[in-house]
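Same chain, two partners: chain A is paired with chain B first, then with chain C.
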Partner chain A sequence: MAQQTTASINEVKDWVLAKHTERQDIGADEDLIETRLVDSLSFVEFIFVIEQASGTEIDMDTLDLDDLRTLAAIEKRFFAG
Partner chain B sequence: MKPAMIEPDERFREILDRLSSMSIEDYYNPYRMFEWPDELPEDMWWMSPTLTTTYGTDVAEELTQEQLRALSRYESINFYSLNVHGIRELLIEVTKRIHTAEFTAPSQFFHHFIGEENEHMWFFAEFCLRYGSKIYKQPRGGAETIPPHNAESLLVFARILIFEELVDHFNSKMALDKSLHDTIRQINRIHHQDESRHIAFGRELVRTLFENFRAQATSEELAQIRDYLKRYMRFSFESLFNPQVYQDAGVDKPLEVRRRLLEGSRRPEFEQQVFRKTLSFLTKNGLLDDKDLATVTTKRVAS
Partner chain C sequence: MSLRIGVDLVPLSRAQALLEPDNQLVLARMLHVDEISECMRGGHLDPSSVAGRLAVKEAVFKLFRCRDAVVPWQSIHVEGLPGTWPVVYLDGAAAKLARAAGIRSEISVSISHDGAYAVAVAATTME
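The block that comes next holds the complex of A and B.
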């Protein structure tokens, strides 16, 4: 189960890395917004990737944007359990 | 410092009076206006083929006619969903400003504007829920450019105008497309008629707000405005390419399809068609200094 979770969050990480070929890796606690790894133009895809990888539908009306700031936060909110 | 009251010139005053009179003359009851068949035929296009995101691309060549028609159904639901979300933002922003000191002059027209937009939102949502069983969400977030703090109202009304002009490009074409179902043509025709007033109003208001802003702005602030507007136009255009739509239509690899379409050779041409009038207005009035939407800087960061 733990391995499945790692594989899933890696799909999100792979998507970010594919958009930023200048990067080799992304730290789990790196702020994706402040570093502009995710900007307003790529946000639609970002949400779609998390939904697809986690199998969870994200409710934009109740979403706390802090849950999307780092890979660690995304994993905790959408992939844990 | 409080924003100064908007002082419309004679031209703007005449337009406000004329548009208010037209809103009264053309008033209709939207709840009785439309024919809502129980269902719309699936063997028809729901959106004009030339307005779909795959038109003229190699992606379209890989899909069957049936898949392309299915895609037109989901793309149309996405298009009307974008209208619902855009109108929500617009209603919030205009309602915040009606009968405040700064917006005394256009407040009379704001009443018509708010009333009509509420009705548009109703029939767009009705279409989505009746024929698509859902309203697509429009995720908003991610890093954004920081606009100058004293440009808030200017950018609110510039965003509203850009959104309305984008929508009108589609409405005006689908209203005339005889291959579409009558209900689809009617929704687009009615919206186009009302929006022609709103766009005329929006252009005058944005022109006035920008003249006031420019009189005190630094060259850096003007560059920030240009950057912000171009990014907003790109964002609005790219919202038409919803990965969930490709997935719902049964198209394989929706993210890859989206990337191919956004990076493909048709994108700049399609984008320029959609924003032809908008770009002319924005450059003519000095809000932009060129029509090239591919040149957007990404220096400033906000959360």
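The block that comes next holds the complex of A and C.
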């Protein structure tokens, strides 16, 4: 399961990197929101990418921002087996 | 009585990206069906109109002054046909955030487009 999970969080990482071609990598604990790698305009698309990769529907009105701040938090919340 | 304002700038290129076929489901989470139809020009979605509405919603969200919430796109409603003043009303999550921020008065907004950008300002008075 770990290999499949890692592959999925990498879809989210690849989406962020595709938006920021100046970056080669993103740390698992790097705050995507504080660093504005994900800003309010791209946030909805960011949620959509996580939903598509994880197969989980995310309610925008009740989501916990801390579950989405880092790749590690996203993986733990949405991709843990 | 004090004045509170919010401002936001949206590059048309980012609105244009949201008009791509792959992003239509994303845009539908940011703008309502009627907002999208008001952005139609000559049968096509006008990036400038889309950028203006996105900027209004972000500017209004800044009035709420909350750090740990995301823009409640679907509960900030922007109405305004070409040549009319845009009007904003809130419901759901946005109305809740506005109440929590102590906003009781009407929210006024204004949009402008020039070149590659749309800018919007939102203002309200605080007790």
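Points to keep in mind about this one:
Please note the rule applied: the second predicted complex is superposed on the first by the 81 of 81 C-alpha atoms of A that agree within 3 Å, B and C clash if a C-alpha of one lies under 4 Å from a C-alpha of the other, contacts with A are read in each partner's own complex, and residues count from 1 in each chain.
To be clear about the criterion, a contact is a pair of C-beta atoms (placed from the backbone, for glycine too) under 8 Å apart; a residue touches a chain by one contact, two chains touch by 3 or more.
Treat the numbers as computed from the prediction; the structure is a model and nothing was measured.
Of the two partner chains placed around the shared chain by superposition, chain B and chain C are both touched by A:E45. The larger set of touched chain A residues comes from B, when the choice is between chain B and chain C.
Of the two partner chains, both chain B and chain C are touched by A:L65.
Judged by the touch definition given at the top, the superposed model places A:E34 against chain B, while chain C stays out of reach. In the superposition on chain A, the residues of chain A touched by chain B in one structure and by chain C in the other are 40-45, 47-48, 60, 65. Residues 15, 33-34, 36, 38-49, 58, 60, 65, 68 of chain A are the ones that touch chain B when the two sit in their complex. Chain B makes touch with chain A in their complex at residues 137-144, 231, 234-235, 238-239, 242-244, 254-255, 258, 298, 301, 303. Remark: chain A residues 40-45, 47-48, 60-61, 63, 65-66 touch chain C in the complex. Residues of chain C touching chain A in their complex: 10, 14, 18, 23, 25-26, 29-30, 54, 58, 61, 68-75, 92-93.
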